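The structure's right below; bear with me while I get my questions together.
Chain naming follows the written order as A, B, C and D, and within any one chain the residues start at number 1.
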Amino acid sequence: MKDNTYIPKLAKIIQIKEEVGGARPIKTFMTQFIQDNSFSFKCGQCAMLSVFGKGESMISISSTPLIRDYLQFSILKMGRVTSSLHEMQEGDIIGIRGPYGNGFPMEKWKGKNLIFIGGGIGLAPIWSVLHTALEKKGEYGDSMLVYGARTSKDIVFKQELAELRKKMKVHLSVDVEEPGWQEFVGFVPLNVLEIKPSPKNAIAVTCGPPIMIKFVIQNLKALGFEDEQIYTTVENKMKCGIGKCGRCNIGLHYVCKDGPVYSWAELKNLPQEY
Amino acid sequence: MAEVFEPKIVAFLCKWCSSAGSDLAGVSRMEYPPNVVPIQVMCSGSVSPLYILSAFNKGADGVLVSGCHPGDCHYIKGNFYARRRIALVKRLLEFIGLEPQRFQMSWVSAAEGTKYTQIIKDFVQELKPLGPQTKLRRDL
Amino acid sequence: MVNLEDLKKEAKAVLEEGKVKYIIGYEKSANGLMPVPGFIKSPEEVEKLIWTPACVYNLTKFLVDEKRRKSREKKPDERPVGLVVKGCDSRALIVLLQEKFINRDDVFIIGVSCEETGVIDEKKFLKKLKGKKAEKIEFDEKDNFMVTTQEGKVKVAASEVLAERCLECKANSPLIYDVILGEKVKRSMDNPFQSLEKLESLSEEERWKFWKEQLSKCIRCYACRSVCPMCYCDECVADTINFAVTADTTAEEKAQKIKWLEKSPVKSENFVYHLVRAIHLAGRCIDCGECERVCPLDIPIRFLNKKLEKDAKELFDYEAGFDPEQASLVSSFKDEDPEDFIR
Amino acid sequence: MEKVLDKKSFPQWVTKLSSYKVYAPVQEDEAWNYEVITNPEKVNLDFPNTVLSPKKIIFPQREVYLEFSSSDEDGLELKEVLPEEEPSVIFGVRPCDARALALTDKVFSGDFEDIYYWKRRNQVALVGLACSVPPSPNCFCLSVDGSPFSTEGLDILMSDLDSKYFVEVFSKKGEQLINAAKTLFKPATEKDKKELEKNRTEAKKRISRQIQNIKKIPPVLKGMFDSPFWDEESMSCLRCGICTYLCPTCHCFDINDEVLSSSPLKGRRIRTWDNCQFPDFTMHSSGHNPRPDKASRLRQRIMHKFQYFVDRYKNYQCTGCGRCISRCPVGIDIIEVLDKVSSYEG
């Protein structure tokens, strides 16, 4: 009997790391399935996390698929389900079902330079594809990360970013001037113009607030990037995750099944319904 | 011995008078049935009809709204508004067929510990023969 | 008898002077007996306006949409909106004015009196025609209607097909208007609560059985709420998202919001929805009967509001929608309000 | 397989199906709805359009699909709740409602098969009743590739020949129903077939309403996303849920948790109907709503049924039953809207 995708598998939260405090807190959860661990996924895919009694929420998996024994999710406290997740301790049980969505088409990016551009919590979906590219060093060109947040306190994966600097170029930025901040000050799209990544044999992946994505794509095109070279993820309200409940559509596409990853070549022809 | 039905009463007690009255009953060690789940509200006027419907929905067998006597209200007019609103809710609930005894209102001042215990005793006596409230209870 | 040409003339005059943005009236519908709400923007379009016994809608609800649309526009057109209003609709307008939801100069009121008769109840009317298809229905003298069907014209006694509320009508001509059409005629009014009293006379168990069966049918399509001019809250307790969510609503606020009723269309949750809506209409509902007309399952929910209307009259001598300056029922009180039920 | 059944012996057939849960149209005041029947004698197949289509039996408005409970010893426990084993029969299914189920079948299959839907769908036999007279003044099945005697989605189709029914069987489930009362059915004669054809051509003529040129609509809709057409058309819309909840082809649903007790936690996850006309259908938890007003929602309803579904499944997601026209509180008529779309040059 084909397994019933609606029923979540139970998973234990084995580690919780507080990334960002304050009014818009972000925590990273590491979860391990209680029974079978046969959950395989592609970078950029999402999973529906269940807090029983509260509801479900679609979150992108930020750990690389190469790691088999846990799944990592970085979650911004936003609504009913994410708030209850933020109140959980290590050892608590949640439900996970999935994987859902099309994920990044990495097979098309062989040999290309990868430019990752993230904003705020947008770094979570990028984290998975970035580490997978690093792991398979030979298959891709050299990668670069451009990441910004409102303030330095809002930067996620602070320790890991310091580690990452040893392996690839990392350009950080904060939106507003801050004592002790040496790197770029200003919005991420402006930082992209500053760095001027070359479009030659390159792929750009950008995730973050819609307003940032809009200007990043504008600037990338100004730098000569073609529409097929730019990829992004789209957010919409989701409930079923499998393209049946009818709400997450942008035009003909169900974001939860046909998305959330789109190249700008596809996305620009779709109606502005996200 | 057949299992005796113990009605569960949700009582919205105004903090300034009725809740103080029930504290007085407690402090003076007065005996009264333990069936009441007291909910302290700032004023009987702040008890929205939704609280009452929600209480019955969650399985209350009886609901009591108790406030200050007219003129004693800490906010001057709260209990007058409550009087009107609860009168309307009570008649609507009777209209749809809920047993009238299940929804009561009372004035209990901070000094009326005995009156409070008497109201609760009478309420429990009236509810016992009716059995559990199944009409508005959640049937999920 | 109201002359349709006068209505068109008034509408045209107002539109030509540019005094109103557009006029909301009753418009001929292409394929049926029932009209559709018409939004007349230019003087030529007034030809579409009609006035027949099938003009049942309470158009006041579209003032709620107009206010919402205006709040979303950057440079809204501040001119008032023209509104064709029957007697009962005008009472709904008065409640909106009383509650300061709209101000008087937001609306140019074209009042139309029903005089001796009123509007039809579509189900009663179709039952009366027994399958014959009615093309048109017009007011005839005093109290009957002229119906044109495929087999020619037929006279129908008004009282047999009038809507329930019209049989218990309290305002057969508009109480507030800028322009009025038709005479203000006193109407012999039956006992306003006759149908309600039949239900009230049932025993407690019979009433419970009646309401249990009726409200179990409800599929929570919220048509009763959507059509009601008094239901203008942006966030309703019945919705899953029952509060205004903006960019700076904190996660705690969203997480702590109480879910008053489940989305499931089961008896217990339907009761919470219909009873809380009835209470929220106490002293505000003017019995335009639209909630009952639109219900796809024909649930007689009008009785819930009629009951509270009767209580408001008996207990507090309060009637909705007669005086825009009057304090509303539940935010006012009298010393002599009854308290016999209070221990 | 084609048979003939005397109208007089129809009740005996229904009584023979006692091992099935039998639904048929039942009248209550003015409204007809499919309900479980208690007395086979009183099954009346002369009925106008029902308020809700048989979809409500196969895709119920509310279904519990998961129960969760936690206890100190074994922590959190999940229990999948599948629909009960209930072989059922629905009599008097209109061809348009059956075609609607055939369309919904496409949605609930594909790479993620919906086992709840299919468990019910496979255990319900649909016995159709061809429309000799249009059951509603607003039928327009001919305009959307349907007909008063189409057989898609049906196990059996009964057509009225005055004193008897012409019975066509299309599936094994249908055969089982016939075999339950074999003796009642006589083979169809040539005369019956000729009379059937005559009735059918007349039935087709009686369908009074149609959409002007349906073929033009999907391509025109593609360019109409930002057109002001939707603002004008939705001016009178009241944003209620009648047109979608009564529609036999609408399949949108919502998933919510219902908690019976919070400690120890006990509750269930349910699926209920949902619809695109309500604000919380697409509102993000940040408050942003990609479809904030009634114009965008009318556009979604029309585009989904006459363009997105056509691109994805090569069918219009509308079978012309006319319920949304008959019951719209303000008389918005989908045929008029579509006629304006096909002649729209924005």
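Note that contacts are C-beta pairs under 8 Å (C-beta built on N, C-alpha and C of every residue); 3 or more make two chains touch, one makes a residue touch a chain.
In this text the structure is predicted, and so the values were computed from the model without any measurement.
S.K.: Hey, how far is the Cα centre of chain C from the one of chain D, in Å?
M.R.: For chain C versus chain D, the centre distance works out to 31 Å.
S.K.: Would you kindly tell me how far, in whole Å, the mean C-alpha position of chain B lies from that of chain A?
M.R.: 52
S.K.: Calculate how many whole Å lie between the centre of chain A and the centre of chain D, each centre taken as the average of the chain's C-alpha atoms.
M.R.: About 39 Å separates the centre of chain A from that of chain D.
S.K.: Measuring from the mean C-alpha position of chain A to the mean C-alpha position of chain C, what distance in angstrom results?
M.R.: It comes to 50 Å between the two C-alpha centres.
S.K.: Residue numbers in chain A touching 2 or more other chains?
M.R.: 78-80, 82
S.K.: Where in chain B do residues touch at least two different other chains?
M.R.: 138, 140
S.K.: Of all residues in chain D, which are in touch with two or more distinct other chains?
M.R.: In chain D, the residues touching two or more other chains are 254, 256, 258, 283, 285-286.
S.K.: Name the shape of the chain contact graph, picking from line, ring, star, complete and other.
M.R.: If you draw each chain as a dot and join those that touch, the picture is no line, ring, star or complete graph.
S.K.: Touching pairs of chains, which are they?
M.R.: Touch list across chains, by label: A-C, A-D, B-C, B-D, C-D.
S.K.: Over in the complex, which chain C residues touch chain D? Could you list them?
M.R.: 29-32, 34-37, 39, 57, 61-62, 65, 72, 123, 127, 133, 219-223, 225-227, 239-241, 244-247, 249, 254, 262-266, 290, 293-294, 296-298
S.K.: Under the stated contact criterion, what part of chain D meets chain A in this complex?
M.R.: 65-66, 68, 70, 75-76, 78, 80, 107-108, 110-116, 225-226, 251-257, 259, 262, 265, 267, 269, 274, 276, 281-286, 290-291, 296, 300, 303-304, 307-308, 311-312
S.K.: Quick check on the complex: what are the chain B residues that touch chain D?
M.R.: 138, 140
S.K.: Report the residues of chain A in contact with chain C in the complex, numbered from low to high.
M.R.: 23, 77-80, 82-84, 86
S.K.: List the residues on chain D that touch chain C in their complex, please.
M.R.: Touch residues, chain D against chain C: 29-31, 51-52, 61-62, 137-138, 209, 235-236, 238-242, 245-246, 254, 256, 258, 270, 272-273, 278-280, 283, 285-288, 293-294, 327, 329-333, 335-336.
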